[in-house]
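A quick write-up on the structure given underneath.
To keep things simple, chains are lettered A, B, C and D as they appear, and every chain counts its residues starting from 1.
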């Protein structure tokens, strides 16, 4: 069986998913839609697909699954329409910036029985997946302390920040999902500090660019997250899990791993410049997992509930910063 | 000039300092005192020193400087006596478990003009010192985020825990000093989570064995600290500082740095087993810095004020855990 | 323009090249031939190509370029036929095991003006290519000493050894090409030692499984090569170049780069298990370079002359082992 | 028991040994002799020893052991005198530049039954010693291929080169000893290439500054050595042993192991600047091993025979370069 795909949104992340679909022997990209027709056309031609309207893709008989890469404020509506149309759905995170809207959307998904996967690509990175595997294999015993370092190479443009929902919902949300993926228990409380150290413009929009978060589970397991919107040395993505019997860590990746030595020392090149190259394998594996689930008629993971839990942690972190106290996640969602 | 030393307390850390003094060409160990006479005798003989009573050392005319390695609850009194006796003083941390007692003690030190150095040995580790040097040299620009990972190889015995003042005053206090050493600004607020994940006995004594702390300065600089009382892989001591222009990190140290590869992978030996071997160079450099200050008639650093600030952060962290909120350091001391 | 490919030989390396062609947007796999029809069929179907006879591919009007992955003893004849048929030719190394036969073949190639590329894939590995780039950029000054460590994960089966031409022509030949690629001068003399340490069966066939080689250029630049047919820790592929101003090295690659720490130390997973995964990117880049040359009407590199020079070094190394002396390369070819 | 030392030669290496003796609780430096009286005086005063004449040290009743750090051409005579005087002898390498002279000297040592240790300090480096221990523990199975990279930070002054006996007897000799220490079998044949790439002045003296050597044992085990008299990145000292079951390697050491990351990449500081700091621990361990042997009345290792074997390999390497062929070690000594 070949899973036939429609793609909504031909922007940066849409291109990434289109390439992943095209390189997957069990998937085929059938149609692309984008509000900007030339963008849709370019992407469709690159992979031998058609340009169609969004409505046509939703109702198409020759499309099994749809990837949603449109702006965030359209996600929940599209999920509901596609769920009702019987499509398998892959939606970029977040489902919505508002917890209540996500909850309403997931009710529709549940009622229709639609297959919904949310784009937490990092779970599919081979290195991070191997960290989780090491935990599952009992290599480090019971998980106790998770450390996530996650820094973007550079601050996003003001326009992006404005629509992003803020650092916790836009950037840390990946780390919240990773924390849940690795802690083995749901975080129940959150303490967060955040500041504007990189770009005052971000502060003027009411957002932050540097944040530190502690998550704690009911049994006392802890996760610390360190975020910055700027790292001169590349896209900094590290994970470490300390447990009762040992520790497992995934170090940073770089496109070229040579070392040059001279009088100034031993130098390795900078890290990947951003997620498109850092997570190439992750995106391919993510689509492959979605395709496998669709083929097998299984519900894919991570799902809408995972999207909701990560968003709730973002909401709790934001409240913690604003109110200067530890926030119970249960009070949020 | 040779600085002539008396040593109070011939236990584990007393032995470390005695060796550092003996290997320093500008220092000489003159006398050792300990409540357990055989311990004092053994240490004195090893380095060609005498056994004397504590009182004799305080009043000795042939002793310029005294190292205090006795139990914590004797530190403040001894500092005051030695300050009044005109000795240069090197005191193991902490000065006292009580902030008010420390403040009172430092008043005596100030009034007498005594030279007092507090044993935050990690500032003298060549690797951590190089991290600070890189910051001072402008290599990473303005400091933004400090990450300190600090894990003991194994939980201390119940008896030690009882007298320790708790994880924040006993263990994290080194990390608090390191945070102050690297942040370039005083932390003004603290959020902490702590739990008992390693040894329930520690919990029964009202203490914690696993802790996560966020410190924040007035300008928004942040430091996250991750502590555990147990690491199967050795004494885990890492520091990383992220700044506007770059990042500097000091990795873990091991006594033997070979790598063995076979079908199970590439394996390097565990880390140092604890502070005595991990910080051998740091202890030697620390005594050398103290000797140089005494010789030059300068006040040594870190001093009593540094001891007080670190203790205040420990107090604030403990309150944050207990009260479930961010604590202003100014409310503590 | 799209370069239309025929593929001769659907074995292990044929599959690698087929995948590289299929994933290249500027290339298309048109036809596959193999003496074993089912092998040809499986590979053709996987990538939407046809099965044709070898003769049909040679004479096809809809094929621009042919990849030769057939047994070594067919290479030279096929190159000559394809050259005369006006095809661009990509041939797996070696062109032939016999220096004189290679020289005769290259005369035909020269006369027909055919584009011939020889499959020294390692030049296209991003890490090794970056080593060469660092040299070209003047980062290490004049090259002085090249060190190549090259170890297969396991000894080949007897049947393979029999047809291989021996370790120098089959395995070290890649290192000889890499030495030429990095030294910046032609090696003029060779000293080699070789022994049977891994598998006595290899010795019974008159071959070796462990070899050490020194190459020297006219100006005294040196390259040492260390080969073994077995490495329990994976496919060991390292390069280091020491120059007047510095050093550049490409370390080993592994599929998953996590680290697990416990009481036995810090362990990273084994290396790639062999060339198919280790050099995935290299094979894709190699085909891309061939396609670009064909598109542009340029002669590709490495070419037949490179294949001949590497074979001559293999011949010289073998003579050095047999005769117990340093061998002038000029005496071989 | 305390071993009482005399030291002959207060130059660079004499100072290193004096410090090692002084820091050893079981050893005491009694007297220093040097042709340059001020040098002897400075060193003696630094460690509370006396200045004596060489003759007085040879005949002294209060000296158990003598360390020879005088110029190479005095070593053999001094060993013979000290052996006859009943002293335990620690002699810097080499015993002599001439194989026959060494053989004659060792006959005297054997006849007198004197304890003679030769200064191959690298055997006592904790990292290299751990490599050997891993082999002895069976971690890598039977040794097959040893790789030694050994590069000085900078070329020695012409005066030093003149008296050095050439690169093989002066520099590679350490690597020859290390090869013997690790191969587990005596090398029986040697192939070497050498050139002048660093400093033409070295060439004018008939010496080389860049060399590559292959050693082979009777069973076919191989060792490759790569030497250069200059490395801009510090004192390059690496060892790797590949065996039937695995591989063990000792990487380079640096005084400060931090890493700084910025837009130009991740940079670690250069290596140690030379042997005095790189091998500090090795020198201390070496003297400790000598002291232990003297105390226990055991013959120390490495001994005169080890010194002779390493010299024979140097001689064989030189012949190999000059004659352009593989040299049987048995033909040398």
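As a working rule, a residue touches a chain if its C-beta (ideal position, glycine included) is under 8 Å from a C-beta of that chain, and two chains touch if they have at least 3 such contacts.
Everything numeric here is computed off the predicted structure, so don't read it as measured data.
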Quick note, more Cb pairs in contact for A-C or A-B? It is A-B
Going by average Cα coordinates, which chain is farthest removed from chain D? A
Once you find the CA centre of chain A and the CA centre of chain B, what distance in Å lies between them? 41
Where the centres are mean C-alpha positions, what is the separation of chain A from chain D, in Å? 57
Touching two or more other chains in chain A are residues 232-233, 245-247, 261-263, 269
Where on chain D is chain B touching in the complex? 23, 25, 46, 126-127, 130-131, 134, 139-140, 245-251, 253, 255-263, 269
Which residues of chain C touch chain B in their complex? 232-233, 261-270
Chain A residues within the chain B interface of the complex: 142, 144-145, 147, 149, 151, 189, 191-193, 195-198, 210-214, 216, 219-224, 226, 228, 230-233, 236, 242, 244-247, 324-326
